[in-house]
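Quick one: this structure, given as structure tokens, is what I'll be asking you about.
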Amino acid sequence: MIIDCAIYRHGIRETTPHEPDAIGEALASLDDPLDFIWIGLFEPDQDELARIAEPLSLHPLAVEDALEAHQRPKVERYSDHLFMSIRTITYDDDQIETGEINLFLGQHFLLTVRHGPGHDLREVRRRAEANVKELEHGAIAALYSVVDSIVDEYEDVTLELENDVQEVEASVFSHERTSDSSRIYLLKRETLEFRRAVTPLREPIHRFAVGAMPEETQPYFRDIADHLARVAESIDATDKLLDNALSAHLAQLSIQQNDDMRKLAAGAALFGIPTAIAGIYGMNFEHMPELSWTFGYPLCIVLIAALCFYTYTRFKKSGWL
Amino acid sequence: MIIDCAIYRHGIRETTPHEPDAIGEALASLDDPLDFIWIGLFEPDQDELARIAEPLSLHPLAVEDALEAHQRPKVERYSDHLFMSIRTITYDDDQIETGEINLFLGQHFLLTVRHGPGHDLREVRRRAEANVKELEHGAIAALYSVVDSIVDEYEDVTLELENDVQEVEASVFSHERTSDSSRIYLLKRETLEFRRAVTPLREPIHRFAVGAMPEETQPYFRDIADHLARVAESIDATDKLLDNALSAHLAQLSIQQNDDMRKLAAGAALFGIPTAIAGIYGMNFEHMPELSWTFGYPLCIVLIAALCFYTYTRFKKSGWL
Amino acid sequence: MIIDCAIYRHGIRETTPHEPDAIGEALASLDDPLDFIWIGLFEPDQDELARIAEPLSLHPLAVEDALEAHQRPKVERYSDHLFMSIRTITYDDDQIETGEINLFLGQHFLLTVRHGPGHDLREVRRRAEANVKELEHGAIAALYSVVDSIVDEYEDVTLELENDVQEVEASVFSHERTSDSSRIYLLKRETLEFRRAVTPLREPIHRFAVGAMPEETQPYFRDIADHLARVAESIDATDKLLDNALSAHLAQLSIQQNDDMRKLAAGAALFGIPTAIAGIYGMNFEHMPELSWTFGYPLCIVLIAALCFYTYTRFKKSGWL
Amino acid sequence: MIIDCAIYRHGIRETTPHEPDAIGEALASLDDPLDFIWIGLFEPDQDELARIAEPLSLHPLAVEDALEAHQRPKVERYSDHLFMSIRTITYDDDQIETGEINLFLGQHFLLTVRHGPGHDLREVRRRAEANVKELEHGAIAALYSVVDSIVDEYEDVTLELENDVQEVEASVFSHERTSDSSRIYLLKRETLEFRRAVTPLREPIHRFAVGAMPEETQPYFRDIADHLARVAESIDATDKLLDNALSAHLAQLSIQQNDDMRKLAAGAALFGIPTAIAGIYGMNFEHMPELSWTFGYPLCIVLIAALCFYTYTRFKKSGWL
Amino acid sequence: MIIDCAIYRHGIRETTPHEPDAIGEALASLDDPLDFIWIGLFEPDQDELARIAEPLSLHPLAVEDALEAHQRPKVERYSDHLFMSIRTITYDDDQIETGEINLFLGQHFLLTVRHGPGHDLREVRRRAEANVKELEHGAIAALYSVVDSIVDEYEDVTLELENDVQEVEASVFSHERTSDSSRIYLLKRETLEFRRAVTPLREPIHRFAVGAMPEETQPYFRDIADHLARVAESIDATDKLLDNALSAHLAQLSIQQNDDMRKLAAGAALFGIPTAIAGIYGMNFEHMPELSWTFGYPLCIVLIAALCFYTYTRFKKSGWL
């Protein structure tokens, strides 16, 4: 489905018909090297994409890649155009959701093919169009605006992940008995998936930043490379914190178990005292003088109570109870 | 055993006699640089392979490697031909089964030597022959079709491994007592073996993708390199998830042990109450007024029951039972 | 807010008006290639920074970076100036506090933009001014003095971290029951944050040290690179020690649990003896000769006491109590 | 001690006197560039080696290295000869035994100096001599035959290590209580020592394989490099499996402990029932109607038995017993 | 403090006055490019070092580094001299003690500045002087002799560390209950510190070995590089063994705990039997025929004893006791 399609001359939008056939003509009409056409597709079927790929003469392998979602993020250079596949990431309730945006960049065109939920490219285009000065730099400026908005989203996800890790930390070190291992595991999983979306992009974006692109656009790609580096470092840190949190969780569990064991021991002692003493006075010896004392029974009860109380306070003091 | 042998002129199959002697003649008859002969062997013995190696003038070390299965995957360049050894992987019931396909690629020939179960090369050849346009590119196109089909299978195995990991996760975090460590171990083992099949191929395939092969075939090898990268990343992720799953399993075991210990303590207390009270009223003091009360016994039973009930609900509330 | 602004001719300070407009004039008045103007800002707002950026013709992306704190540390080279962003670190009570200093270095100017608490740049400037011979080398000498003072602070933090690790070690291996996992975790967290401040600087500073800067200043940057290497190695060592400390803590917890379990077992035995013996003499058999012995009861009590004492000393000797 | 010494002209052995003095003359008599003398020493003393080193003009540092065993494996190039030090490995009863073979390769000589038990070089030489065609390639072919036989032995050790790991796995996951940590530790130790023998050789052998040696011998060194890679990968895999096996062993121990704890709890309950009930009917209340029932006692016994049986089956069913 | 100072002409020692002023004159008198002056200092103060640095025209940053101990080991090249800072290591009672030797190497001088205890440089110099042939190669030969003696000491420390690890292993796997985690931790700490002394030297020494030094001295630096590699590999191995030893220690602790828990359970059962049976015969039912049997009591005791004995042997056999 073609979502939007427009020609940008000197950075100013001119709406064109959304027909695939019209695109070829429109392309032919562009003569300024910085004018371009920006086409936005959403989950096109094979035919639709093929009809648009033809006038842009896209490489069949890249077109195939753009059709199926769940590509590995990558940047590939074909003879006369560039293919880029990026994951869009949104994070909700410890759950990462990924979509995918595939971009074809040629001298005179930018074609975006979006899959899955998530990133609103219309909003990105609107913001880019508001900044005519930048779009004057040609199709690459449009590419920059798209990639930049995606990487900005990565940073948001980064912050949310870091928040979640702090929640887990608080839970691990709280005084309540918590079972954090499944949440830690889940966050590790998300971190891993996030990393798989980010890492493969770093190297090619870095290459753009240091030389593969026109010099005046390099600082912009350096900016993106820098954001990706920050995201990647945050992912690494998150990953290590989660490892440590799991180890600390295990240590906390051990401490709780020690506490329980000592409570068990203390409790057993508290029950053992009356049982043992009562057992002794339950013996049937004929000559047990205490048995015939008038106050034998109350004395015995007081003895038991006193011993239990003493033991209890001792355990309480030493932290066993 | 020769499974199939055919000449491809301009990508179109011409069946030839399967005799080793005929192969030399057939080779000599090829003059178009893109025509080639494609020979498929299955577990040949030394003699058989030697008779075919001779007209193709294959290097003796490569021939030796092709005879014995369980080679390390590799790509080697000899003066006038290329030797490639790839593992085929099928995955069944947490068990990886590996076969091996060895390929010799020369200007005018592709020789495949298959060992072990698994990959059906006849099917691959049929699909390749259906696409005459591609086979027109010569022997390298046939090589691509074989390698591509093997790497596609890797991706299937990848998905099944990921599924198995999800099963293990579900089991680890289920509320039942499970013993997942042996399954996790088994999956780690399979992951390791899978990695050993995939990793050694990545570097040489990458080299084909960026320059060692004719330029028009590079995007195809880039495609394979990309798939291998995806497979390798999935293996890495699987590996880390399994490590984390084992750690989480240990944490779950600790939690279960804590639960059991607390149940033990609570149970001990519940038995301790009647034993201690009954012990006291079993003492033989002469002056124990309660003993002669008419309702002494039922009162005592009610006391015991009440204490037990109270203790039980307290333990229940605090999660010890 | 402009904190300080001065011109340095041949390394000697000449105070100038702090007005942004005056800065342009002042710059124009500098003709010796080693004269420069050094401007110090503290948390400027967008307008303020923009007014100063204009006469220095700073790159808009770098200016944007300098405005917001919590940048990733980095060094970036623009066409005619250099942008450097460094974290300042202070360490207090197991808590790392980070500020940020952004530096713009041009032929004739050094602009420092400080965010957050921490590092006192006035003190740094005063010390630099005291050493006229060094400031004669131009703006880069001023840059060196700032960076050097920050990296020196890193080394102080390093020492305090190492101290804290030693405290944790002492606690882990003390004979008291301690719960060190949360402190170890906290220190790991600080170490991670510290590393994120230090690591990204190493590579660009190293580049200055081996060639990107005028040759006579290289040994100075080599000195900084060397300090950074020392800091990074100390961080690595701290990190590993903390990992080991956590493992050792787990081992200590296990040993404590073993001790407790054996105490529980020994205690249970000590209570079991009187209970069992008393139980036997509480049986109602008609023919139990001991029951009618005159010294049956005291003998029985002595037997119980002797057995308990013997058991107690045995357990004491074997370390179970 | 000189074990063997012979001249090979066109690959054919000519026995020569074993006297050091004769070696110089023999060397001088060789004029075909591929003729060479092959000298085999076993644990020579300093003098003996010095007398042979002189006519071969070996570098004193290399000679020193060749004298003492337990060198780090290495390949070193001196101005006119090559020095190679390799560990021979034999594996017996979970125990790696290492010997050492030092080789000096010159244009016209191969000198082998063997230390320690293990590898039988006479057998290697016999096999090499049987293959005149290969020895025709000169001293380097003799070197290849020695190195190849050592690396082949590495592969045998590899297989035995893998076997041992499988034994450990079987033991860890068996239903018996095993204490596998010391065996796992031992195997880790052997793996480490094995790795230290193999790793340092990989880089220099690889260099021979891609260019440092005459081109026609490269495939042979590529073959060795390939075997070393296979060995190294197997060591890596073994190492990781052992790590995982230890973790799994810990998990199994936890599970066993949980089982024991539950058995303890169940057992305590089974003893608690008769004790508590008997305690109640042992109370001395005057009015306990059950006590005077004719069938009170058998009913009570039946009640106890029934409760115990019920409890027992419940525990049995839930896996606590 | 100047410890020793001498001129070496053609490798032969000529004692000179130890006065700083005389050093300048002595230097000027050297004309053969291989003659040099070797000055040995021990913990000089700033003035002393400055007076010697002046005639040698040492770089002020290097001089500063040489004054303070606890530098990071490094090799730095200044315009006309080389600065090297090396840690000396001695190992005593699980405790690494480090000193430091700083070396300045110029065309005509070697200046050594020693800090801290440890390495006896006079002994090194005496051995070097005994070997006139080597000192003939100039100041670099003297440098080699110093560095070589330090690295030899590293190898001794390596052996002692390996010994200590073996002691720890023996303790971990002994049948006694040991608490090895603190010793393992201590050894890890020492290993870390040792690594920090060795690692930074490897890269620059390797550079000397392959080209930064005159060709005839390269084999000597290759020798040192080789020793450093051996030391570093041993450190790595020690490090891994210690990690494994700690894991194995944890496993042993778990096994001990299992043993204790089973002993506890078995003990509880042994006490539970008499308590339960005695309880039953302590019940007050009127009709309990056994109570009036003449041999009721001895039979009951025999029954209890038999059951206990049976249970005891069963537990003994199954390893619970």
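Odds and ends about this structure:
For clarity, chains are labelled A, B, C, D and E in written order, and residue numbers in each chain start from 1.
In this text, contacts are C-beta pairs under 8 Å (C-beta built on N, C-alpha and C of every residue); 3 or more make two chains touch, one makes a residue touch a chain.
This one's a predicted model, so the numbers in the text were calculated from it and none came from an experiment.
Annotation of chain C and chain D: jointly contacted by E, touch as defined at the top. At the interface between chain A and chain B, two copies of one sequence, fewer than half of the residue numbers in use are shared by both copies. Chain centres here are Cα averages; for chain B and chain E they lie 42 Å apart. Within chain A, residues 250, 254, 257, 261, 264, 268, 275, 279, 282-284, 288 each touch two or more of the remaining chains.
Chain-to-chain contact here is organised cyclically: the chains close a single ring, every chain touching exactly two others.
The assembly's chains link up in one ring whose order, counted from chain A toward chain C, is A, C, E, D, B. Put simply, chain E touches chain D in their complex at residues 169, 172-173, 219-220, 222-223, 226, 229-230, 233, 237, 240-241, 244-245, 247-248, 250-252, 254-255, 257-258, 261-262, 264-265, 268-269, 272-273, 275-276, 279-280, 282-288, 319. Put simply, chain E touches chain C in their complex at residues 59, 61, 72, 74, 76, 78, 177, 179, 181-182, 184-185, 188-189, 192-193, 196, 200, 246, 249-250, 253-254, 256-257, 260-261, 263-264, 267-268, 271, 274-275, 278-279, 281-284, 288, 290-297, 300-301, 304.
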